[in-house]
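Right after this note come the structures.
Both of the next two complexes hold subunit A, though its partner changes from subunit B to subunit C.
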Partner chain A sequence: MTWNSSGRLARIFIVAFTVAVLIYLIMPTFVIVPMSFSSKSYLSFPPPGWSLQWYQTMTERHDYPQAFWNSIKIGVPVALLSTTLGTLAALGVVRGRFFGARPMSAIVIAPLMLPQIILAIGLYPIMAKFGLAGSYPGVVIGHTVICIPLVFITVAASLKNYHPAYEYAAMTLGAGWWSTFWHVTFPMIRVGVIVGGILAFTFSFDELIIALFLTSPETRTLPRLLWEDLRQYVTPIIAAATTLVLCISFILFGAVALLQRRLSKASKS
Partner chain B sequence: MTSRDPAMRQATGRIWSPARGYFVILSLPVIFLAVFFIWPLAGVILRSFGGDEGIFFQYLTVFERDSYLKVLGYTLQVATTVTVLCLLIAYPVAALVARLQGSWLQLAFALILVPFWTSTVIRTYAWMVLFQRKGVINDALLNFGVIDAPLRFMHNNIGVHIGMVHIMLPFMLLPLISAFRNIDPSYMRAAGVLGANPIRAFWHVYLPLSMPGVSAGVALVFITSLGFFITPALLGGAKNMMLAVLIEQQVTITVNWELASALASILLIVTACLYVVYDRVSRRAGGGGVLD
Partner chain C sequence: MSGQGAKIEYVDISKRYGAVEALRPTSLTIEAGEFFSIIGPSGSGKTTLLGVTAGYVPPTSGQIIIDGRNVVGEPPFQRNIGMVFQNYALFPHMTVAENIGFPLRMRKTPRAEIAERVKKMLALVQLEEMASRKPGQLSGGQQQRIALARAAVYDPLMLLMDEPLSALDKNLREAMQDEVKQFQTVLGSTVLYVTHDQAEAAAMSDRIAIMNHGRIVQIGSPRDLYEHPVARFVASFLGEANIFDIESVTPHASGSMIATHHGFSLVCAASGSHDGQCVCVRPEAVALSASRPEHDNVLEGKVVDATYTAGSLRYRVELAPDCIITQRTPSVRGIEMFDTGATVFASWRAEDTLLVDDD
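Coming up: the complex of A and B.
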């Protein structure tokens, strides 16, 4: 009896605590959205009035549209390059049975675990030597290093979902390596590859530290511009740009959620 | 074995051997990572021993100067506090979420993953907005009469901790939830039937079974917190600096690449050791290492 009633109290407490924590997790991000529609130049909540002037100011300014397109121009090649390299790495590590597959996967995943500041100060002198510091290829390479593990993890997970016997069967029946990959392997890991690519784009779109070191004022990305503005003043223009970034992130998040649901349905049937 | 027979050698050379084929496939990403990952790291380590003052000069400076030692100590302290806070907050939440079903489970997952998908710069900016002198939190506290004068959240310890726990919490929640979902609820019922009270059952059954998730979450949060840059740089004060912020300042403001490289090498070695230890431990626990 006493255990039961205190157990119920504990349960109510845990539920209330969980709700509070989930609110803590998402609330701060969404406070920004109404502020971007504020009619005043200072940030107060709720905003004293509504207007679209900050979005207008943002599009009229030269630097925000430029930084936005830079982020796309960098994110798309990063996604393509890291998807290719990450998929190759996953195929080699998961399917290859050779000594050293384990340490190899440790090296492939390591860039994700390592603080980005170390890679940033390591890459900068090398890029400077090749004349790539501040250029698009420089930052694309930097982001790709960290995105390869993202693709590697998702693709390796989908490769482990089915047995290599399918590939052996195809090869036994006379398929070459390319047609085996294209007609057997790729259809089965396609969702993993696409999810990995979206993750890579999102990472690049949000990344700051590598971009701080490897971009120039001409190639700077949106996170870097936000960062530079944030250190000087906190205005609703930043809120407007942030809301735009949030929209893009959530569209991509929704796409991944849908893809993964399809994947789990497919693996059940 | 067949190398003496030329016909056989030619034949085996032509046969598509999967193992060898995949080794060739690996070479492309490996070369890329060797050039743009291993080489830069080696460069950082080499540069840390450079400079005109002698091989170990930078390291001696770091370990002799109180201001640098303070940064190292503060970094460890923040990473530890953030990890403990995340674990304490995430454990009950994950235990509850793991028992949800259907659309409630999906809703909870969405709420955990949304911040996961939001850029750290943006989430830190949100905290700056909330923490302002006339920000939302101070307004609310003043209105409800909790405080008489606005509190300072930014440029001190409080802000850094609230902001970092907020960013690290999903990294703790996700491994915990997946560990909890693997625990068969009948174990707890069995413990109850056998006469264990809930606390005893939790301590002897649930907690040990949840350890793979705990160790994964703790490792992930601690390692990431050690190298954290954005949140401490924006919310932290000049008095208390974290290691990654100091490294960035040494490069961009002081332009002391050798000292920055020494600091980065220390961070690199600590992170790498933790990563290796964690992988060993988690493989022994049977939860499968990060690499599996």
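Coming up: the complex of A and C.
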């Protein structure tokens, strides 16, 4: 065998292996999609026949639309709150020169690393004590704890992407603290802030464990409703709702990918 | 665009980071309209002095008096100082015109006046046609000129420049030196220029301060510093220097007689002690000849190598084991060259035997 043909063989192998890994990563997520178009009233793969009836049933039931809106009503304030707090934290830790900046960044990221169940168990009695268990503010606060690190990480990365000389420059040119942030820092980290916000919303929209502890039947989110439904009757309506969540997540991830491409283009020029 | 620069006085200004003295108490006066450079190796304190002046590094002690006003404690945006950064720090999301107009916008200057002054500035740096471009679309030299325009458009009291030419290639750097100097002359600004490139500083400056280990070692005109270095560090940092360690110094009819570590006897026009001093001889002060000349100082040696470059011919001559002297002459056409290994005589005047502090 010549060197050339063995090289080609290796390349074929690498391509095949890559494709296999990608299928392994993505397939399980997409199995749910054809199941949602099933003509039968039980979950099976591949579906025995095709129908849109489960999407219709889903919209006709009152609990699914309500849970969907609950997820949005929780996800949007979580995204706004964690974007603001996470950005401020990143600015303080990355740009501030103070004793304890490093341990502080570890503390900010900690909620993301720790098991969510611990956080949920810890949050529940506190929320109950303040009368917030089961309320919108309760679950918004819970989700924000985990979403701040998401924003913190993306914004800190954007801040580390450029030298603080831009901010010094703005200040020597006469811009005060607020003007410097608004005219120079924010435009330079904008993509990181938006990406962080989208990740925060997506996280809150998909999150189950904290929602299980901190929502009531009135504030129940879509993941919690799906989980409750799964325990009783496994109908393709679950697949339909999941497909909806999947679509929203993919649209948002697509937006993140587009934004990040713009960011890398901008930093190249 | 009238703005005469201001006078700057540093009074015992210092900066300490924990146990590290980045800047020892330093006093210095820069005259209005002066082009003043600070040179020194990295860690010598020159960047700290710049940061303290701009206001983003708080000093540990001392005062900075600009135009009669102590600015220590004022944030950068109240100091009215212009600064040009090493990598220009042009805002990538703004156009060239927006960048130059930024300091005026921060000062709430009326729009029409901003437009007019930006236009004048662009004309001064000859980049009128680039007004609506983004900085990323400009070459390094063009970005540098925009950064200059932005730092000067609001008639600041002084201009600070932090190695502004170091990112450019050699030819462009030399061309830009002339432009920066001309820019300063036209505007009459006081400039504090920081660089590690002594040739660049010498080409532009009225005076230069050489810094080392957080303090100023010597201040003077480029010529002063080169011809009369006070210390070994200055002599070797600014150009090339032949250094001889001293064993003893004895008084002599026309100054002093110096016995060097390698056993040479050198005649020096000045008198000195040998405590903490050494001898410096500039390569240009040395002459080489094939036969022994009549001169104040004559040392015999062998040619180690010769380097012919545009402008100068440089010899290294071994006078003794571990003792090589460098000699330089202009590389004029048809110059006769010594072969490697040839025996030559290196000679120089008593006035060119400089006694400097051995620090």
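Note that the second predicted complex is superposed on the first by the 251 of 269 C-alpha atoms of A that agree within 3 Å, B and C clash if a C-alpha of one lies under 4 Å from a C-alpha of the other, contacts with A are read in each partner's own complex, and residues count from 1 in each chain.
Just so it is clear, contacts are C-beta pairs under 8 Å (C-beta built on N, C-alpha and C of every residue); 3 or more make two chains touch, one makes a residue touch a chain.
Just so it is clear, the structure is predicted and the values come from calculations on it, not from any experiment.
Enquirer: With the two structures laid over each other on chain A, which partner does A:Gly131 touch: subunit B (first), subunit C (second), both, or neither?
Expert: neither
Enquirer: Once chain A of both complexes is superposed, is A:Tyr168 in touch with subunit B (first), subunit C (second), both, or neither?
Expert: So A:Tyr168 meets both subunit B and subunit C here.
Enquirer: For A:Leu123, using the defined touch cut-off, is the partner it touches subunit B, subunit C, both, or neither? Pick first, second, both or neither.
Expert: first
Enquirer: For A:Met188, using the defined touch cut-off, is the partner it touches subunit B, subunit C, both, or neither? Pick first, second, both or neither.
Expert: After superposition on chain A, A:Met188 lies in contact with subunit C alone.
Enquirer: May I ask you to name which of subunit B and subunit C touches more residues of subunit A?
Expert: It is B that touches the greater number of subunit A residues.
Enquirer: When the two structures are overlaid on chain A, which partner does A:Pro65 contact: first (subunit B), second (subunit C), both, or neither?
Expert: A:Pro65: touches no partner chain.
Enquirer: Return first, second, both or neither, reflecting whether A:Gly176 touches subunit B, subunit C, both chains, or no partner chain.
Expert: Both partners, subunit B and subunit C.
Enquirer: On subunit A, what residues does subunit B touch that subunit C touches as well?
Expert: In the superposed arrangement, which is not itself an observed complex, subunit A uses residues 168, 171, 176-177 for both subunit B and subunit C.
Enquirer: State the interface residues of subunit C toward subunit A in the complex, per the touch definition above.
Expert: Per the touch definition, subunit C meets subunit A at residues 54-56, 75-77, 79-83, 85-87, 89, 91-93, 102-103, 106-107, 134, 136-137, 150-151, 154, 160.
Enquirer: Provide the residue numbers of subunit B that touch subunit A in the complex, in ascending order.
Expert: Subunit B residues touching subunit A: 16, 18-19, 21-23, 25-26, 28-30, 32-33, 36-41, 43-44, 47, 89-90, 92-93, 95-97, 108, 110-115, 117-123, 125-130, 132, 134-136, 139, 166, 169-170, 197-198, 223, 226-230, 234, 244, 247-248, 251, 257, 260-261, 264, 267-268, 271-272, 275, 279, 290-291.
Enquirer: For the complex, which residues does subunit A have touching subunit B?
Expert: Subunit A residues touching subunit B: 3, 7, 14-15, 17-18, 21-22, 24-26, 28-29, 31-32, 35, 43-45, 85-86, 88-89, 91-93, 95-98, 102, 104-111, 113-119, 121-126, 141-142, 144-145, 148, 164, 167-168, 171, 176-177, 202, 205-206, 208-209, 212-213, 223, 226-227, 230-231, 234, 238-239, 242, 245-246, 249-250, 252-253, 257.
Enquirer: Which residues of subunit A touch subunit C in the complex?
Expert: Those residues of subunit A that touch subunit C are 163, 165-166, 168-177, 179-180, 183-184, 187-188, 266, 269.
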